[in-house]
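Both of the next two complexes hold subunit A, though its partner changes from subunit B to subunit C.
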Partner chain A sequence: MVKYIFRRVLLLLLVVVSVMVIIFTILYFTPGDPAKSALGQDANPESIAAFHAKYGLDKPYPEQLARYLYKAIFKLDLGYSYMMKSPVSMELATRIPVTMKLAFWAVVLSTLIGIPLGVICSIRQYSFLDSLATLVTLLGVSMPTFWTGLLLILAFSVHLGWLPSMGASTVSEMILPIVTLSGSSIAVIARMTRSSMLEVIRSDYIRTARAKGQKERVVIMRHALPNAMIPILTIISMQFGALLSGSIVTEAIFSISGVGRLMLEAINLRDYPVIQGGVLFISVAFCLINMAVDILYAFIDPRIHVK
Partner chain B sequence: MSKNNSMLHYTLIRLRRNYLAILGLFVLLALICCAVFAEQLAPYDYAKQDYMMIRKAPSATHLLGTDEFGRDVLSRLIFGAKISLQVGLLAVSISLVLGATIGAIAGYFGGKTDNILMRLMDIQMAIPTILLAIVISSALGPGLFNLMIAVGITSVPRFARLMRSSVLSIKGQEFIGAARAMGASHTRIILLYILPNCAAPLIVQSTLSVANAILYTATLSFLGLGIQPPYPEWGGMLSAARPYIRNSGYLSIFPGLAIMITIVALNCIGDGLRDALDPKQKR
Partner chain C sequence: MHAVNHLNLTLHRGKALGFVGETGAGKTTTALAILQLIQTPPGKITGGSIMFEGHDIMKMTEAEKRQIRGDRISMIFQDPMTSLNPLKTVEDQIVEMIGLHSAMKGEEARKRALEMLALVGIRPERSKDYPHQFSGGMRQRVGIAIALACEPSLLIADEPTTALDVTIQAQVMELIKKLQSVVNTSFLLITHDLGIVAEICDDVAIMYAGRIVEYSNIRQLYSHPLHPYTRGLFDAVPRLDTRLGGKLSVIPGLPPDPIDLPKGCAFSPRCPKARPLCHERECGMREYEPGHFVNCHFPLELGEGGVQ
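Take a look at the complex of A and B:
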């Protein structure tokens, strides 16, 4: 078990370094000079050269990459933001809690609604409720996040005037962004729960449980659901990545200053260190969650780490 | 060939029983018609501005109203279908060709080749897809073609994994051994014997991927990283409608509806095809 966890952590580090190399490389070969976006299009050549020298942009690609990796890995230094003139890690530190808070509550909400919905549909397969839920979840996975957000603003802020359409600092401000974020995740989780449960419900041990006269509620909750959990957990952990990157859209719609909005601003201003930092944060968070879930499986199901 | 025909025949029979898939197919056909005959169908030119008709609510002359430049929303939606379908199809072609090639090579040759290629795919999958699309498209700059590449690259790993697992399950069968014994080259075996047998999952994945690609395209354009105005991309139209949400809410509704209908149709077709092509996997 320890060996398995150790291997997973090692793999995670490898993946993180590779992600850093990929993002750095993509941005390095991006046309456009960050010096010009920072200093203005008509900045004089001397100040541009000074800017390049200050941030090491005049060095060849391998040297820049090596320096970036070295600083990030051994000193946890993600570089300086060209625009805000402050360390990227500091900028991220102020923004991460906002994004994490939204993503966390969105995961909670979509799990709390998605799993029961899927379970109910699987118990009452082909009933009216099941058809209705299937239709709604189909619409749910097909709705673009930003449109959900706009519709919610239109309904609850513009027409009804119940909820604010900007920010995420108070509870009432957080409702719309969280619902927007969880919309498609609820649908994805419900669909996965339904199909996973349907598979389990047909198996022999469920028939055995029923045959020995167990109450239906116990059969579903104690025998079926735990055995259907693995694919559901996988999809939830995958959704977490989707939610973190979905925050770029949600934060743009609701004017929330989280990591997503920071990255979007950085993209428009060619502030490469900030983009790198943001992508790195989201990818690392995503990988950590996936790793945690994988290790969790190995505890739940001892067959898994044998491979 | 006759076996292939009969399989197609049975697939179609099974597909015909799936009403949602048929409905999706009709919707898709209608959209394709919109895209192909956009010039003929659209009542107005998508870029024609009319400053006397700024943000007029839906009426008899402008069925879906006009936008902030007095352009006809319906005409823009019809032209938008052209852009969305183009980007969707071409982006998926990119991921299909790249992904299937990588997956086939990895699965067929196995060993070190397989290990290296699939680890690369794993690394790409560590970056959430929409995030990667955003980074690539911001690196390439805005534009139709760049958008296709950005969206196309993001689903390469999915196709590669699918292709690899199909190849692995087929590789060991006798008819591959027979082909090899007859002296067929690797390329010939992959293209003529393996690929046709992997077609079913690839077709399903392609259909679902077109839906994803259209969704990503709209998202990127909404964020200002995709197709630039005046081209009528659905996501871009929603982004332009945002400042007017208080007074002209209808501008925020119709483009989103167009995106949703398209994606629902493609998802229905994809699900239907999956059930039809793989009768063992019951719902």
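Take a look at the complex of A and C:
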């Protein structure tokens, strides 16, 4: 087990370094000059050259890349924000808790709604409820986050005036962003639960459990659901990743100062170190969750041997 | 589509009935109907009654059916590789059965589960293992232990050895037979192996296209089968004295599609003895000689269908 986790951590580091190289390269070759964004379009050539020299932007690509990697990996220094004139790691540290809080509750909410919804649909296959849920989840999957968010603001903040449309510091402020984020995740989780359960319910060991005289509720909850859990867990972990990157849109709509909004602003201003830091955070978080889920599999299914 | 039609059978307490037919004849469907475990939708029992110890299972409430399942009637399934829950230890799967139908709890139920495992020849130290750690034959033994844990009065075995190695088949059948007499249950054996039936059963019913075509005690049916289909089945059993390299005897044609059953007797298109009446209407079950029922207008003469 320890060996397996150790190997997974090594793999994670490899993925993270690759992400860093890729994002750095993409940003390097993206047109636009951060100096002009920082100093204004009509800054004089001397100050632009000074800016470049200060942040090492005048160096050739391999040297810049090597320096970035070296500092990030061995000194945990993600660089300095051009715009905010502060270390990227500090900026991230204040924003990450906000984004994580939203993503976490969105995952909790979508799991708590998605799994029971999927289970009910699977045991009442082709019923009215099942068809209705299929329709609604289809809407949920197809609806872009910004559109759901705007509709929710329009309904609950503008017309009804029940909930605030900005921020995420109080519980009432968090409701709309969390619901917005959960929308498509609930749909995805419910659909996966339904199809996974339908497959399991038809299997022989479920018939065996019924032939024992077991109550249908117990057959579903104790025999079918655990067996259907692996694909559901996989989809939940992927939703977590989707929710983190989805925060870019949600945080912009609800004016929440999390990692997503930080990245959005940084992209507009070509604040390279901040963009790199944000992407790094999302990819590390995504990898960690995937790893946690992989380890969890072994606890659910005795057939999966952790070697 | 009607998978099983006009099926009428009686099984006496403590007796063993063999239920023989080709794949798709409706044997498993009949067994699942007895336990009321037909998957609905899409399946449905449209009529009839299933009398068990004086009560009609069809008219029972869901709770009453649950009481019967496992406790009074239990089933050994065809495929041991898929019939056990892969996420539970074999011990837990037996304990579940015991917990449902007896007052035994906790340690006591656990002890009983170990007893059952010992009875089917599985060492107690393997009780905490999961199904995937067992071979097919061992898993079927676990299935048997589960089915017999509550000493049911009727045991249904649905082709219990079909998925197993030939060498294991005999062992498993031997075990079931032994335990059946120990627990003294009635036994419904579904199979397509006439040899096993002859060894184990008291009565035998031959099924074709969702109907019983012949039903009798072993002695009568094996000494002189009446239905041409039964005769065909016997002829299809390879014998030791046939010439090497010779062709096996087969019944020409294929079993009919249950969606599109032929008019008249379902076997008439394949029957060597069919006459115009057979294509017109089905005969229906009749008692040709005492205790020997056949669904045929023109059964083989007594003596004509004899088997050594």
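Heads up, the rule we're going with is that the second predicted complex is superposed on the first by the 300 of 307 C-alpha atoms of A that agree within 3 Å, B and C clash if a C-alpha of one lies under 4 Å from a C-alpha of the other, contacts with A are read in each partner's own complex, and residues count from 1 in each chain.
Keep in mind that, in the parts below, contacts are C-beta pairs under 8 Å (C-beta built on N, C-alpha and C of every residue); 3 or more make two chains touch, one makes a residue touch a chain.
Since we're looking at a predicted model, the values are computed, not measured.
**Q** Following superposition onto subunit A, is the placement of subunit B relative to subunit C best described as a clash or a fit?
**A** fit
**Q** Who does A:I267 touch here: subunit B (first), subunit C (second), both, or neither?
**A** first
**Q** Going by the contact rule stated at the top, is it subunit B or subunit C that touches a larger number of residues on subunit A?
**A** Here the partner covering more residues of subunit A is B.
**Q** Of the partners subunit B and subunit C, which touch A:L244 in the superposed model: first, second, both, neither?
**A** first
**Q** Name the contact category of A:S203: first (subunit B only), second (subunit C only), both, or neither.
**A** So A:S203 only meets subunit C here.
**Q** With both complexes overlaid on chain A, does A:S18 touch subunit B (first), subunit C (second), both or neither?
**A** first
**Q** Name the contact category of A:H223: first (subunit B only), second (subunit C only), both, or neither.
**A** The second partner, subunit C, only.
**Q** With both structures superposed on the shared chain, find the angle between the C-alpha centres of subunit B and subunit C as seen from the C-alpha centre of subunit A, to the nearest 10 degrees.
**A** In the superposed model, the angle at subunit A is 80 degrees.
**Q** Looking at A:K215 after the superposition, I want to know if it touches subunit B, subunit C, both of them or none. Which is it: first, second, both, neither?
**A** second
**Q** Considering only the touch criterion stated at the top, classify A:D301 as touching first (subunit B), second (subunit C), both, or neither.
**A** A:D301 sits against subunit C, while subunit B stays out of touch.
**Q** Across all Cα pairs of subunit B and subunit C, what is the smallest distance in the superposition, given in whole Å?
**A** Minimum C-alpha separation, subunit B to subunit C: 13 Å.
**Q** Once the two structures are superposed, pull the subunit A residues common to the subunit B and subunit C interfaces.
**A** On subunit A, the subunit B and subunit C contacts do not overlap at all.
**Q** Can you name the residues of subunit C that touch subunit A in the complex?
**A** Residues 32, 35, 37, 39, 41, 62, 65-71, 74-75, 77, 79, 82-87, 96-97, 100-101, 130, 132, 143, 146.
**Q** Would you tell me which residues of subunit B are touching subunit A in their complex?
**A** 122-124, 126-131, 134-136, 138-141, 211, 215, 218-219, 222-225, 235, 238-239, 241-242, 245-246, 249, 252-253, 256, 259-260, 263-264, 267-268, 283
**Q** Could you please specify the touching residues of subunit A with respect to subunit C in the complex?
**A** So the residues of subunit A touching subunit C come out as 125-126, 202-205, 207-216, 223, 226-227, 300-303.
**Q** If you look only at subunit A, which of its residues touch subunit B in the complex?
**A** It is residues 15-16, 18-19, 22-23, 26-27, 29-32, 138-139, 141-147, 150-151, 153-154, 158-159, 195, 198, 241-242, 244-246, 248-249, 252-253, 263-264, 267-268, 275, 279, 282-283, 286-287 of subunit A that touch subunit B.
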